[in-house]
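Next up: some structures, all given as structure tokens.
You will see two complexes here that share subunit A, one where it goes with subunit B and one where it goes with subunit C.
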Partner chain A sequence: MRSRYFTALAVAALLGSGMLVFAKPPAGSGSITGKVTYTGTPPKMKPIDMSKEPSCAKQHATPVLTENVATGPGSALQWVVVYISAGDQGSTAPSQAVRYDQKGCQYLPHVLPMQVNQGLQIYNDDQTSHNIHPLSKVNAEWNKSQPPGSPPIDTKYDKPEFIPVKCNIHPWMHGYFIVLNTSHYAVSGEDGSFDIKGLPPGKYTVTAWQEQYPAQSQEVTISGSEAKTANFVFKVLPY
Partner chain B sequence: MGKLFAAVVFVITLISVAIFAMHTWWLPIDISTTGPAVDRQMNDTLIGTGVLFLAGQLVLAIFVWGSSNRASGRKIKIFPGGATPLVTAAIILVGLEILTLTFVGSKAWGAIYLAPPAANSLKIDVQAEQFAFYFRYAGPDGQFGALHPDKIDDGSGNYFGLDPANDIAARDDIVVGSLAVPVNRPIELTLHSKDVGHSFYVRELRVQQDFVPGLDIPLHFTATQTGKFEIVCTQLCGLGHYNMKAYLEVMPEDQWEQWLKSQSGQ
Partner chain C sequence: MTLKKLAVTFALGSMALVTVGASSMFAQSHVNSPDPSLGAPSVASEESHIGNVTGHAEEGKRLYRRFCIGCHGPDGNGQGMNAQWIDPKPRDFTEATFKCRSTPTGTLPTDDDLYNAITRGFVTTNMPSWAPLTPQQRADLVAFVKTWSPRWTKGKPGAPLNIPPETPITIESILHGRELFQKLECWKCHGPEGHGDGPSAITLTDDKGNPIRPYDFSSGSRFMCGTSNQDLYRIFMTGLDGSPMPSFADVVKPAEAWDLVHFLRTLQPLKTPEADLWMTYKAAHGSDLKPIGPDAAPGGK
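And then the complex of A and B:
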């Protein structure tokens, strides 16, 4: 009787561990790199007046600019999230949490991608209170006050969503949480470049998301450990 | 014991009056053309109430001192009843004082809130929101763009809800977080609120006016001294109310014009 019980337990354990192995996505070595640029005249980013919050104002030698259309040299467009919107196998969230900082009365980074159920830690590095308010509609909405020296807020989102984030105290503070179903994503840098690594062979839809302009998609097929290129061009308007 | 109490009342009264008479904690400097009238009114109020305070407290002290050794058993007059004439007289006296202050003071108040702004006033729009003030200048074309509350977007710095894509007048509007004005020039503010009730208060201007969501409230002043002064919200407006402030910068006219030019370049 006893031995049968142990056998059953051992079989269950074996099955369980086997399922874990199969649930893991096949690791790939394909990649999609590219550059996000714009055509047209982008709107002028406005300087942010932080004089009412001296502890933040003094952290910036020159005024910080709004970041809704952040551009770089060579018509580069920054803060564009490029991600696999279809064709991905899906994967469990990494155990490593992503970090979001409130520093100098700014959200750093301006756009933070993460995976569904991945840990999110929000820090207040300032000498002033912040009240972070992610304006989620699909996930549960909340806002939390963080006086200086507070421990980080530990949270996560369980559904994919593009969430604007604002501070209930400093109206100019603005950012985005990008909660994705995929582990394959990248954010365009100051030079507009992005790099999505670790793709197994497959047919993918790659989507580029920018906070102010309509998202764009491309089909990309990866065979073997191919390195494919996908560029995105956003049409921008001065107003 | 009664004599000690009388002495304490006497000393406290004298110290209180001395603090006011010596201007120990006095009003901040006045930088506005309408300020002197407000300060005069404040002074008259303090003298009127101060004299009554001094008289009342001294009479109290004298009575306590004089009655301290009397044997008990005296009948105490209560109201209503034996004390009615005394109480009535006190109500009439205090009432008359308050009415007089109101009538005299309405002149100072009217000069600020009822008089129309000067014809050559510089018009500036003010948007209050949790928890900051924003100021809008018409820009080189001298025209304010129309306001569209649905277009308000803090993330792109559109605090007023301008529509520059379709409204040419809005394109050169200058929106900043500090109120810079030329000295000795009449200023006409229009106060808007994005969300809840706020208040515009600059103590040195002796001006205080609430923002009411949905209303465009005019307010005018003329600053007579250059310098940097604090604008604070004096209407409890939420969590960050303590943090809601901006700065008023009064500049010489030429310096202000340069400042405005530098802002419109951005």
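And then the complex of A and C:
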């Protein structure tokens, strides 16, 4: 009787550990790299007139340009968030918070990806007051003043969402918080390239999000530790 | 005509009147709401608690149909038939974002906040005071308004702001408040004289992208969310969610907040203790005061 009881326990423990392995596969070594480009004529990015805020204007030798369709050489498209929308979602939010800066009356970076429940620290590095106003719809909307020298605002978002961010005092300031479920994401650089690493074998839907144009998706299957390529082309319009 | 005949005529007449009344009511609700379900989920279960009055959403739904639907719409999204003529736009209850709260920015308001908003109405908007409705009716409406967003079932209202007792009204307090008005850059939107004509005023939009004006302190005695010094304190500490007005709760200490209240009172065309003190001070020292605006901005030159 007793030995049977122990056998049952041992079997249960084995099963349990087996399930654990299934539920949490080790971080893979596959990757998806690629380049985001555009076809068509992109809208001309406009120089921002910061003369109403001299403390910011003097930080920029040449006027800053708007960034809603930021392009680079070779038809590269910058600030595109490429992420795994279906497939292995990786790990939960790291304890390291992401940092968002208000500097020279600009948001740095323009597009900030983060994970659900990951810490977000917002700094005001300027000599002027900003009000930081993320226009969330799924998450609770808030709006806080942050005068110069204030401590960073510590916050986080608990639902995935693409959130436009604005400062009502300086209406040209415009950025995005990208709150994702997955830990597999990247933002395209000035050359349009991105690199999503650490993917275990499996089937994936890779989605590319740009603030002005419709998002695109591709199916990618990774077996072993291979490096797959996925390129995205956005059709842009000059207006 | 006998007395009996008279009574019959009267009875018939009043029946006819009732019928006409009822059919016109039906006609109205049909025009306003083609969908009798009225969009809102879980109507029966939602309640509100205002003092010892308990509001019921089921009752509130009937009242909403009668009084609110024209502007706030059959789907509670602020797109009623009248909305196109209204500026600022009626509140979209499906977002559960409210301007007048006693709770921190980004949190739900309390039942009392909603009740007070319905009772008070919003000055400079099309939302009138609904004080003519009974307290029970207003409580019922609060309960129904909470059925439009799932945020009410998933979350709770924030903790109401603790407002410490008001500090004495002194010229030092007013002057410090004036410094804050400059330093916090209230003037960027509200203007150096509080006329709502600051450099950023013209660019302001609400969270739906509709143009919105900052408050003009010279326009009268009432604010968006009340009339008292406590109301004024609460407005800038909690912010008006969904509008460009941010919360200053993290950056203004309670005592400083009262200083700002005292200064803001001097911007109004009212005979208040603050205004009296300020006029006397300005008459004597007006030329020493640095004007509010970009020249005095900490980062400006």
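By our rule, the second predicted complex is superposed on the first by the 212 of 239 C-alpha atoms of A that agree within 3 Å, B and C clash if a C-alpha of one lies under 4 Å from a C-alpha of the other, contacts with A are read in each partner's own complex, and residues count from 1 in each chain.
Rule of thumb we're sticking to: contacts are C-beta pairs under 8 Å (C-beta built on N, C-alpha and C of every residue); 3 or more make two chains touch, one makes a residue touch a chain.
The structure displayed is predicted, hence computed values, not measured ones.
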Worksheet item: Quick one: subunit B and subunit C on subunit A, clash or fit?
Response: clash
Discussion item. Contacts for A:I153 in the overlay, against subunit B (first) and subunit C (second): which applies, first, second, both or neither?
Written reply: second
Discussion item. A:Q212 in the overlay: touching subunit B, subunit C, both, or neither? Say first, second, both or neither.
Written reply: first
Worksheet item: Of the two partner chains, subunit B (first) and subunit C (second), which one does A:K35 touch, if any: first, second, both, or neither?
Response: neither
Practice prompt. Give one of first, second, both or neither to describe whether A:K228 is in contact with subunit B, with subunit C, with both, or with none.
Written response: neither
Worksheet item: Between subunit B (first) and subunit C (second), which, if any, makes contact with A:K144: first, second, both or neither?
Response: second
Worksheet item: With the two structures laid over each other on chain A, which partner does A:L237 touch: subunit B (first), subunit C (second), both, or neither?
Response: first
Worksheet item: Is A:Q127 touching the first partner subunit B, the second partner subunit C, both, or neither of them?
Response: second
Worksheet item: Is A:P47 touching the first partner subunit B, the second partner subunit C, both, or neither of them?
Response: first
Practice prompt. Give one of first, second, both or neither to describe whether A:I169 is in contact with subunit B, with subunit C, with both, or with none.
Written response: both
Worksheet item: Which region of subunit B runs into subunit C, 127-135, 145-153 or 181-189, after the two models are superposed?
Response: 127-135
Discussion item. If I apply the document's touch criterion, which positions on subunit A are contacted by subunit B in one structure and by subunit C in the other?
Written reply: 52-53, 128-129, 131, 145, 168-171
Response to the item:
Residue positions on subunit B within touch of subunit A in the complex are 129-133, 154-157, 159, 164-165, 171, 175-178, 238-240, 243-247, 266
Practice prompt. Spell out the residues on subunit A that touch subunit C in their complex, using ranges where they run on.
Written response: 52-56, 126-129, 131-133, 135, 137, 140-148, 150, 153, 168-171
Worksheet item: Quick one: in the complex, what on subunit A touches subunit B?
Response: 43-44, 46-53, 66, 68-69, 128-129, 131, 145, 164, 166, 168-172, 174, 211-212, 237, 239
Response to the item:
The residues of subunit C that touch subunit A in their complex are 95, 97, 104-107, 151, 155, 183-185, 188-189, 199-200, 203-204, 207, 239, 241-251, 294, 297-301
